[in-house]
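In what follows, chain A forms one complex with chain B and a second complex with chain C.
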Partner chain A sequence: MTQNIFRSIFRRYIVITPILLVLIVAQMEEYSQLTTSGTFGAAIRLAIPIMLAGLGGLYSEKTGVVNIGLEGMMIMGTWFGAWGGFTFGAWQGVFIGMLGGALFGLIHAIATVSFQVDHIVSGVAINILAAGVARFLNVIAFEDIAFASSTASPRITGDIGKLTVPYLAGGNINGEETSNFFGYIEDLNIFLVSDFAGLVLGFLSNISHLTIFALAIVPLSVLVLWNTPIGLQMRSVGEYPTGSESLGVNVYLMKYIGVTISGALSGLAGAYLVIAGTGIYLEGQTGGRGFIGLASMLFGNYKPFGILMGSGLFGFADALQLRSPKAVHGLLVIIAIFLFVLALKTLFEKKYIPSLISLVLSSGFLIWFLNSESIPNQFVYFTPHITTLIVLSFSNQRIKLPEKIGVPYKKGELS
Partner chain B sequence: MNLAINTKNISKSYPGVLANSNVSVQIKKSSIHAIVGENGAGKSTLMKILYGMTKPDQGEIEVFDQPANMSSPKEAINLGIGMVHQHFMLAKNLTVLENIILGIDKPSIKNLGLKKYKKLIEEVMSTYSLDIDLDMFVEDLSVGEKQRVEIIKVLFRGAKILILDEPTAVLVPQEVNELFKNLNNLKQNGVTIIFISHKLDEVLEIADDISVMRTGELIDSVKNENVSKTELAEMMIGKSLPTPPPRSTETKQNKILDIKSITSESVDGRKFFTDVSFSVFESEILGIAGVEGNGQKEVVESIIGIQNIESGEIFFNGENINNKTTRQRLESGISFIPEDRQLQAMIMDMNLTNNVIIGRQNIEKYKSNLATVKIKNAIKESENVISLFDVKTPNTNTLATALSGGNQQKFVVGRELEDNPSLLIASQPTRGIDIGAQSLIWEKLRQSRDNGLAVLLISADLEELIGLSDRIIVFYQGSTVKELSSDDVSPEDLGGYMTGLKK
Partner chain C sequence: MKLSLRIASFSAPIIALAISFGLSSLILLFIGKDPIETFQIMFEYGIKGKSIVSIINRSIPLYISAIAVAVGFKMGLFNIGVEGQYLVGSIVAAFIGSQFSIITPLHILFIILIAVACSAMWAAIAGYLKVKKGIHEVISTIMLNYIGTGLISYSLTNVFDEKGSEYELPRTPELPDTGQMPALNNLFGLEDLQDLHGFLFVAIIVGIFYYWLVWKTTLGFDLRITGSNPIAAKFSGINPNRLIVVAMVTSGGFAGLVGLGPLLGYFHRFTIDFPTGLGFAGIAVALLGRNHPFGMGVGALLFAFLERSSQILDLNDVPKEIERMLQAFILLIVVVFYEVIRRFIVKQQIKDASKKVET
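Take a look at the complex of A and B:
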């Protein structure tokens, strides 16, 4: 029993080691920003769009359709979200943004499923098309409206609303402020306990209703994909469509459903950027988050909670570089130690060359850390991407891809 | 009589082939009925018809004494017919349980009911004494276990008639025993089993009744007790004797290819072939006979270096070529006609000129001073092949896919013979092509042989094998069991050795 626990901890060292390291480094005065509630709160806001795009990728790829058009569907989400938000109100904007993404998901499904277009080709086309369509629509829809330009929409009307939990995080009840339990603990500065309180407070205070809605999709996806007949059929067509067809599964329909849901979730991701974020549509607002969503899907090994973790990691790194460039410097020593652990692990597995490479890189980061006060600004902006890349490259060895992913399926053809 | 399936005069033809011709077969309830025949005898077509995957052109089918007119597998399943395919229809990354219940419920949003199904499936498993861990991922199962999952899947859907397509082809001997034990259990519980195979030993071990098919016709249905292996082999292979034209030249004495006790096994430990030795002499056609799947394909692949060998040596023109790459072997004078021309021999979306260069781009005459191909020589060469082998094509620019099967094959044979190789390996050189192309290829092979070429001929067509070869060696279960001179061998003899009857 204890051995099992130990083994499962060891297997998850990729996730656990960095967390521990962050906690330890955060105890130093100059890096204390690493684990404040403010950092975590920002991390959640930054992580949600990526998580939604990742979940979108999940629905599509589980049914066997590669979806690199997530970015494009997200762009549609931002524009339709802004248009709906401006014309009808915030929640209506969310819904319309989802519809816009779903529409492009449907286009991807028609191309890849019915016409057997190569999935990558169709995805690239979606990305190019979406950027153009968004601009086109923006010019048409907001032609004579104040504060709008060809690349930006006017501000949305209405507000989505925010929640701060009373008593635990100091939310208001009947207009009166209540106690802030976790805030109090966070201020005590106790090792681990205060850091943890910071994390919880990030989730409980000043959180948008849309964030709660988005987070609810994670367990919902587990239920739908793994515990309902339709989920089983969707997963089966990504694995072995010929077999599914022989058991009476409507392969095409399942793929259509998967890819369309994928588009709707990407659309929601885009709408989130507008409605819970900037309040207006801006060209290029998605900034490649659709692709990072794909990365978080791989990081999460095609599991909803894994995707949550992956996007959380990216959001955390992103929040850090925005709020506290100085704390980013602390990441250097974290990377150095992480690589050192990895070097030991590969050494035990008798993989000498990877071990040596990890060791050299580890020393490199350590020397850099010791000989510098801060990280050049250019690198700070790059932090989220490089963090994601490093973690992804060390964790992707056991990814369970759907068996027939990216393979066009033709009805009645045995393969 | 108590019949599970009764077919009356079923016929089915595909363009150019009569796959089933007036097949009438009666299959008794709660029995194991084997259908045997060589590849291409029409077994698979008959099965597809019984499972509703294709419709017969004419004829009637009765299932449990009711006329049945099936147009999809779903209807077959509703009538109680289930099929276990040779290639398992299982999703690797799903659990056994998920694979079994897939498609039973409509695609809806409700609880999947894994627990309920698990209990139901366990009941079915205990009824038929089948055992499997339902929570395992299919990926982690052995081949035999995967097959058991397929059987459970079909039974769970209420199948009373089970069609097994070449079920033992992928199994190791222990798994075959396990399967036979399970099948007997099923039979005792009232399940009817249709067992398709070309392995006579197994058929005689397991089946109650045996039907033999050949070239689309049902030759006979017999009771197991009333038939010997020899009789079955004769029925399966037929008796028509070829008339080989006398040859005027002599086989020379020097060995072109000399194989010394080579052995090879697959990754999962199944032996492809063991301790195989033979030689091919200059100006000789050596035929290799064997029921498909007895190691001959792998031996050929190891000669050209696609298949690794564990031990033994291969000599070509007196030189050990064990450590040479496939390209070096081909360049040193081995030519190869693969058994599947569309998959291995040609690139169907390229024109004939490009197809002539494939694999030969390093030959001197195609090399230019720059690192490019001398396309002029290639065009000349393909024109040469077209005229010598009477390939019917508008020009050398035609795509390979636009040619008929016979013309494609003539082009491949011509290409392989063009550079005066010293050894030609011809694997099924005339499979599935028209008689005209067939006789032309035979003629060209004889001509080249008379001019000194050593030919290794692998063919399932015994007529072709006896007619062309000077000597024949027989493969059975991965070993050479017999060497025969083609002058005094009958197809029945050959069939006997091929099926392990004679030793």
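Take a look at the complex of A and C:
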């Protein structure tokens, strides 16, 4: 009994301690960048593509198709988004980017559903195909255009538009600036309250219309997947295709829909990177975010709001590395303390070797923190990737996978 | 297997090749180029003596990379991280190898061992994360690729950089003469061409070793049975966790050899221009060659041929990136056709068996 209580406390500890530590460290002058509205705003911008890719993974995997090709579909989204954005305008670019992603989703569906190719093999092939296609298209589409090269597109035309909420975050009404309630609180520097205001302000000020559009997909996905007949059919196909077939569900069609939506959302993720981010297509700009999206889906336990949380976490790590390498240095002491408590935890559970390892690592991080001013740029670059591995290491306990995930289904065959 | 079925199984890559070339031709027509002329130029350029040496040199790392991937594939383990593994192994081996000098065979052997050990250790992290933490190897190896790239670019400038060199870009010190692998040109009477890498021999040995390992040893048997029927494998007493780690480490060990062909034969040091992307290309070759040592050899030569022969295209005003598309088409279509043909063969075998039972 007591052990259970301790265990549940420790389980929450994994989530709560880092947040508390971040808050405490953020109170120090040097590391105050950790929780400003600017950092949170950047975190949201960086989280959205990961979240969209994660949602894309969700639609596909709920229908039982593993989608490793998210990254490739995202690449198509970046290129088609940039091409559409350059040729027609920002919103058209978003739409064309989604179409490009959906097209590759469709290819994945044809390979895995109609031809029963191994899902991971097909996904890997999709990723390689997308990289090749994007490079080729970029060369032939922008051959004679200035500021374009074989690995970069010209800048998109038009602007997607931004919103700052009036009164709460100081947005304009009829051209006049209004009061900035949360900004005022943030400047007061009260422990916890100001940090929270920073978080809210990040959501309310200077927010791209595309961000709002993307965030709206989260509740929409809950609605579609869990509250509509077609959502039920899609989920049933991932759990028990033979049974669904016997009840008259068109299994192949549901899988096709799921994987194509998955492609469209990944395409949107890629288009977001271009249109709300860099403004141009760059080769390799997705940087493994499709896979991080997949990780956020696992972290979020196959739930849209969980995916939002997970991508927020990865976006935060990404934002720190972009906005304030100094703040990443502050993370070192957080990791050190975290590992120290972990060492105590494992010691309590009588796992001596992991405890010792945690202790050694903890002191290592502490020594590093005390003997350095900042983290080398090259290390800062992979903060999101290492965060992904660390987060997945601590959060994989109770994931409920769709029953028939990754199993090719052929009509009339028992699986 | 009956002869007709054997022929059927060989037809898949040929059909896939034909369709891929067809698709690429359509694209070439679409952008206003003559496909027949294009492929003719590529072919003529690709079979020149100089090109052939370059193709063989290029196919050496591709082949080894494919083998590294195939070891995992054989048991249904997807090591997408060969890319990061070989780069990590290559840079450490290049640096340590440049620090001393002993007689050539020992020196080269030492460099090989260091590269293999480093890459295997890097791969072991992914194995550990899968077994202990349940993280799927595709995610962990991809993340480790990015982490590896970051570590490499840091250590190249700060740890392994050549001290007191005038050269602007960071690079490791050059391997001493004893650490450079001699070329094979004299052996084949190719004195007037560029160096044919001596690592060719290692690649052939690796191919034979891979065949022996997978088809003639208990470990190989365990790998194959786990790949084709994990449940049966478990009941036959195979410890899946142990096997995952062993397979990952073996795969990483092979990956360590990938960068050594270019390193020992041409670059002699790790620089910013060191070839990347061989790990991902290896995945394609392994899928194309169906994890078979001979099939992968053909696949590696084919991909190397396409890469080399496309170099001439820019001079003829055709974007050479068509080659990347062609490779990707071949890959995607071939996996589809392998599956189609596999199902066809299984069906035929069931039919034959039921006929036998009836008579």
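Definition applied: the second predicted complex is superposed on the first by the 357 of 415 C-alpha atoms of A that agree within 3 Å, B and C clash if a C-alpha of one lies under 4 Å from a C-alpha of the other, contacts with A are read in each partner's own complex, and residues count from 1 in each chain.
Simple rule for what comes next: a contact is a pair of C-beta atoms (placed from the backbone, for glycine too) under 8 Å apart; a residue touches a chain by one contact, two chains touch by 3 or more.
The model shown is predicted, which means the values in this text are computed figures rather than measured ones.
Enquirer: Under the stated touch criterion, name the partner, chain B or chain C, that contacts more residues in chain A.
Expert: Here the partner covering more residues of chain A is C.
Enquirer: Examine A:Ala47 and indicate which partner it touches, taking first as chain B and second as chain C; both and neither are also allowed.
Expert: neither
Enquirer: Regarding the shared-chain residue A:Thr228, is it in contact with chain B (first), chain C (second), both, or neither?
Expert: A:Thr228 contacts chain B only, not chain C.
Enquirer: Output check: A:Phe291 vs chain B and chain C. Expected answer is one of first, second, both, neither. What do you get?
Expert: After superposition on chain A, A:Phe291 lies in contact with chain C alone.
Enquirer: Just to be sure I read the superposition right, which of the two partners does A:Ser244 touch: chain B = first, chain C = second, or both, or neither?
Expert: first
Enquirer: For A:Leu282, decide between first (touching chain B), second (touching chain C), both and neither.
Expert: Neither partner.
Enquirer: Applying the touch criterion given at the start, work out whether A:Met254 contacts chain B, chain C, both or neither, answering first, second, both or neither.
Expert: In the superposition, A:Met254 contacts chain B only.
Enquirer: Considering only touches as defined above, state whether A:Ile217 meets chain B (first), chain C (second), both or neither.
Expert: neither
Enquirer: Considering each complex separately, which residues of chain A are in contact with chain B in the first and with chain C in the second?
Expert: Chain A residues touching both partners: none found.
Enquirer: Sort out for me which residues of chain B touch chain A in the complex.
Expert: 73-74, 88-94, 98, 101-103, 105-112, 114
Enquirer: Could you list, by residue number, the parts of chain A that touch chain C in their complex?
Expert: 68, 107, 111, 115-118, 120-122, 124-126, 128-129, 131-133, 135-136, 139-140, 143, 150, 287-288, 291-292, 294-295, 298, 376, 378-379, 381-382, 385-386, 388-389, 392-393, 396
Enquirer: Which residues, counting only chain A, touch chain B once they are in their complex?
Expert: 224, 226-236, 239-240, 242-244, 246-250, 253-254, 400, 402-403
Enquirer: Which residues of chain C touch chain A once you look at their complex with the stated criterion?
Expert: 31, 78, 80, 129, 133-136, 138-140, 142-147, 149-151, 153-154, 157-158, 280, 283-284, 287, 319, 321-322, 324-325, 327-329, 331-332, 335-336, 339-340, 343
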